[in-house]
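Okay, so chain A shows up in both of these, paired with chain B first and chain C after.
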Partner chain A sequence: MKKILVLFILTIILTIQFLDAYSVQRFPKPEFESGYVQPETMQPSAHAGLLAVVDVIVLAIALALVTWLVLKKRSRIGVFGMSVLSLGYFGFYRHGCVCSIGAIQNMALAVFDNAYVIPLTVIAFFILPLVFTLFFGRTFCAGVCPFGAIQDLVSFKPQKLGVRLNTVLGLIPYIYLGLAVLYAATGTDFIICRYDPFVGIFRFDATFGMFIFTGTLLLSGIFIARPYCRFLCPYGVLLNWVSRYSWKHLTITPSTCIQCRLCEDSCPYDAIDMPVTDKNPESRSGRIRKMILICALIPMLMLLGGYTGSRMHETLAGVNGKVRLAKALLEPPSSTGKPELMEVTAFKSSGKPVAMVYSEASGILRQFYLGGWILGCFLGLVFGITIAYRMVTTYRTDYTPNKGTCFSCTRCVDFCPVDHHDNV
Partner chain B sequence: MEVPENNSRINRRKFLSTGVRASVLLGIGGAAALVADKATTGETVWQLDPAKCIQCGRCATNCVLTPSAVKCVHVYAMCGYCDLCGGYFKPETKTLTTGAENQLCPTNAVKRKFIEDPFFEYSIDEPLCIGCGKCVKGCGAFGNGSLQLQVRHNICVNCNQCAIARNCPSEAFSRVPLSQPYLLKQVTQEKPV
Partner chain C sequence: MKSKIIIIISLSLLLAVVLFMAWDMFYNNPDDNVNPYAYDLKSLRSGDTTKILYEETGHFSPELSAIHGVDVDKSDRICICGDNGVEIFNPAGDRESGFPISGTAGSICVDEGGRIYLGMQDHVEIYDKTGKKLMQWTSCGKDAIITSIKVSGKDVYLADAGNKVVYHFDQRGNLLKKIGEKDPERRIPGFIVPSPYFDLGIGRKGELWVVNPGRHQFEKYDGAGDLISSWGESSMSMEGFCGCCNPSNFAMLSDGSFVTAEKGIERLKVYSPAGVFRCVVAGPDSFIEGTRGIDVAVDSKDRILVLDPEKKEVRIFTMKKPGN
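Moving on to the complex of A and B:
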């Protein structure tokens, strides 16, 4: 009897709910008598599908063309022309999105988040320049990347910065890359896109803060050539690594270097390595001491970095939306004079259990703890290797472009007096 | 004696460099393969789910575009054509006229047109709409909820990371397939009599 009653009540409740689902209309649609025709709700479609494929094709063609111009034609004007075209297409026409630099984050998120679906075009934007760089050097930077192009256009009076300043500022991209991967992998934010200085220019729609940042960057770019590429760009870090092992890289001279030193000051990016002809500038014991020092220094820096990173994991995770929400929920209401966070209001109206947010937030905190260790170790390793590189000297007879930092812009080529036909 | 030594040094360096190049290539290929099974050939676009939206007003301010790519969209099929429209009039409006002081919309983007007694048609002048969601909130609170916020794909530049999605308090934004780019609430069936 009890069972039947329960069933009966359940049926009634279900019926009410069923009816309720169809009675969302508080005010039923009127029956018009004047022959009024109800307009259609417009749903304009996007044309992104076609363009995304076109983008990849344009990227591949531009890369091939620039590479040919750099390595075969060795033509500065050609590369310059290509960079202007790329600036027009990828920058002003396609509004600088999606770009290879930002694609790092999509790749990181795709690796760590199983629910994330990554478009093939984004993978292509990430992979293509890396593969080209592995074979031909950073030709992507020379004439395809719109960010590089816009900075190249304003570098009127490039100054030499000196090795020390270059080395120190050159560490910033590693920190940026590490943070970008950490935040993308934890699904927190895409900081490269958020603090992208040029996208606001491409869209003629920058926020005030970003406009000031971009303006500073471009103004300083008059004297410090390509400040973003050299001292910020996280994709440049990857290209730098890959380019070091490039198969064919731009050479200053088409034939044999005659040590005329004409190209010495031609590079606006301080990317030409001077000859070091002294084969053994140091004694054997001195070199051994250095070796021991480096071997001890790198693990120490890694440990120190990892520890610091892990200690900072709560600060780093503070940006995460879930962590922020959990923190706001933990705070007793009206303890502060501030009005309730919008997120809290939205959460309360969603009817989800609070425990779920806490467990999600603590999971994210754990990810950040691990991520902090990895990020710190990575930065320690990078700092250590940078110091090590400064300690050793490499034997070199000619003026050569530094395969890591050279953007293959071919400016130096015009300074070389050796005839191009000697090469054949 | 010196020549072969020199040669072997170059060869070793070449060999190492080729080896590293091959492994880097393998690494890039590996990274691609790792994410390849999560890849989609179809493009996706950003859209907001009106069922999750709380009309906080951030769509109007957080979009990289000014005015925002999020607009109010009117699903006419859901509209009750009310004279006293919660999406058009401010809550304490006394005279139901199109006077500016009565209008909820800060930019005069909601248009009111007389159809027949006592019904009025409301439409959105999209170039004027800033996506603040005030009308959406009013319509949802007092009416049928036929006014809904949606990302307009003819305006949206489809950023890699949508700036509104990042700041949406109710996580209403997500990427949807390009083939079905709108998430409008619809009436599934006429109200049972």
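Moving on to the complex of A and C:
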């Protein structure tokens, strides 16, 4: 009975999604004497709703298949093949939209804006990869994400960057994530989409500026494997967190590590953690001192970050259209020597009172003040944890993929001489 | 060492991407003062110069205070009408004669017998070349704006932009019929004339060609006023016509090709008798921006006479010689 009820509710939800596609024009089109030809009304094609469901199904199947290829088959060729297929489907066929990376913004907006109704497809694209990652590691990055696939195709001569560089550059995605959530939550902009480097390629409509932007990124990707995934992707931050607690993550060796060191340089993403033995273990007092330092450092960094963020709230809010308009109205063009902004001209012709813009803008500024504090605290926390992580020694005996940063690409697997059935 | 340099370069590229994003987000407002919806024709004004197959070989300036129409008589004399007068020039552009009229003549046509028909806003006046008024027809109505006259044997056709119709008169000024009124049963779409630029012409076989400017079309009518065919394409490209209403004027070459004049993006082009784009006579560079009412006429040597109302000149264009 319960099952039938669930099925019934699901059917209703899906039907509601399709209804838009079949809606008809409410009023008849006016007929023009002049011979003006009415342009075709652009509606989502009748199968758009269906395609959205297909997208989710394809995503789920792709995730399951890649996970199976990674964990069961440990097949690099299989994973590569899947990533090319995903690039074709999610990238070129579906034009890179919906994507899990951009879905962060929809989720943030849905949380902070009651009026925003988030499509179920977007929720699925946001949740599914995270769920799979929680169980099996970042298999989504390995063979489903079209962004990763396109970067993998140009990664001809990946170089090792070293721990320090990886750590420092690895902080950028946190900043990007924080800003993306802040701007989405305040209804300012979807910056992940605005700076989506690959959508122009997927849609074959990149502007010259975008072409240079993407080209530069891909050029760096020849030597720095997957630069976007590692040093920009905000969704990668979430996957990284979740993957650390993954239930069953890929291992380099199928059995016991024999310390042959063959896999040491195999990872193009510097995601293999070297063995750290406890030959000269840290003293207890030394560890306690470090812990005290960390405990003091993290709140301080959070406070400092929050304060800095709040001080920067005006700069941050400058991206918001209403704040920009209010600023422009406050500074008449005669004072700046520049011609009047288009937004100002449009606003003046709307006949709305200026006070309304100011009050809206000041409301947004208050949001950014609070948002600046939260963003700053978050970044302070991230910096603090990163420093703490560097300070604390983690002992391990084997070469293991770093569960946070490993994309489960299975490259390293091929370097391991240990057979599945070896019992060394 | 080599790999260090590679890493430094790659990192610099990556940082450039990140810095660009930060700069673009916080400091770049490139579109601040650029209206993305602005009606900007600049890019369209620069055309492919290799398509220009004509060159300007001469010009002359009439004395009239404003010039509106040009036509050529059977001896290739060039007749110009305008505010309060008519002037006649020999084919070389030397003034031969002229006479005053009262009012503004917006259009001119010289018939086989040398009689000069002038479209005077709402009516037609006919003069001989000495300036003697031979006839004045009755008004076509208070809304009439006669923008073109063509005489073909005993038939006189007037294009009335105000009433959006073509009148077929006999030579005595009797109205025989109206042509081009909207008639779905006869599949006549009706003329769309948003501005007072509405031209007509007579083809080699005596057929009537009328510009339907709002549709960017040329329409061919037979003696009974039935629509026989049409051609023309709305397009921003050189091959088509664009704007609210174009072409504004046209004339016909001896082989039946059309010489068209456009406003908005001022340009003159030649189309084959079947309406296929052939070449450009003069591009927007040849005109002062905003020039409207460029009239064209063709003489027996297929020279194209262009009345440029902004420069107040009649400009003569001839086909470039091969290798030029």
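The rule is short, and it goes like this: the second predicted complex is superposed on the first by the 365 of 424 C-alpha atoms of A that agree within 3 Å, B and C clash if a C-alpha of one lies under 4 Å from a C-alpha of the other, contacts with A are read in each partner's own complex, and residues count from 1 in each chain.
Everything below uses one rule, namely that contacts are C-beta pairs under 8 Å (C-beta built on N, C-alpha and C of every residue); 3 or more make two chains touch, one makes a residue touch a chain.
Values in this document were obtained by computation on a predicted structure and should not be read as measured data.
Applying the stated contact rule after C-alpha superposition, one finds that A:F156 touches neither chain B nor chain C.
By the touch criterion defined above, A:P227 reaches chain C but does not reach chain B. Of the two partner chains placed by superposition, only chain C is touched by A:I172; chain B is not. Contact with chain B, but none with chain C, is seen for A:V242 once the two complexes are overlaid on the shared chain. Of the two partner chains, chain B is the only one touched by A:F190; chain C is not. Contact with chain C, but none with chain B, is seen for A:V319 once the two complexes are overlaid on the shared chain.
Of the two partners chain B and chain C, more chain A residues are in touch with B. By the document's definition of touching, of the two partners only chain C reaches A:L219; chain B does not. In the superposition on chain A, A:M342 makes contact with both chain B and chain C. Shared contact residues of chain A, touching chain B in one structure and chain C in the other: 34, 341-342. Remark: chain C residues 3, 6-7, 9-11, 13-14, 16-18, 20-21, 24-26, 29, 31-35, 189-190, 192, 214-215 touch chain A in the complex.
Residues 17, 20-21, 24-25, 28, 31-32, 34-36, 38-45, 52, 54, 56, 58, 64-66, 73-82, 115-116, 119, 121, 123, 143-145, 152-154, 156-161, 163, 166, 169-171, 175, 178, 181-182, 184, 187-192 of chain B are the ones that touch chain A when the two sit in their complex. Residues 19, 22-30, 32-34, 36, 38-46, 48-49, 52, 95, 97-99, 102-103, 105-107, 110-111, 114, 116-123, 127, 130-131, 134, 189-190, 193-194, 199-200, 203, 205, 241-242, 245-247, 321, 341-343, 345-347, 349-350 of chain A touch chain B in their complex.
Interface residues of chain A, counted against chain C in their complex, comprise 34-35, 157, 159, 161, 165, 169, 172, 179, 191, 195, 197, 213, 216-217, 219-220, 222-224, 227, 231-232, 315, 318-319, 324, 338-342.
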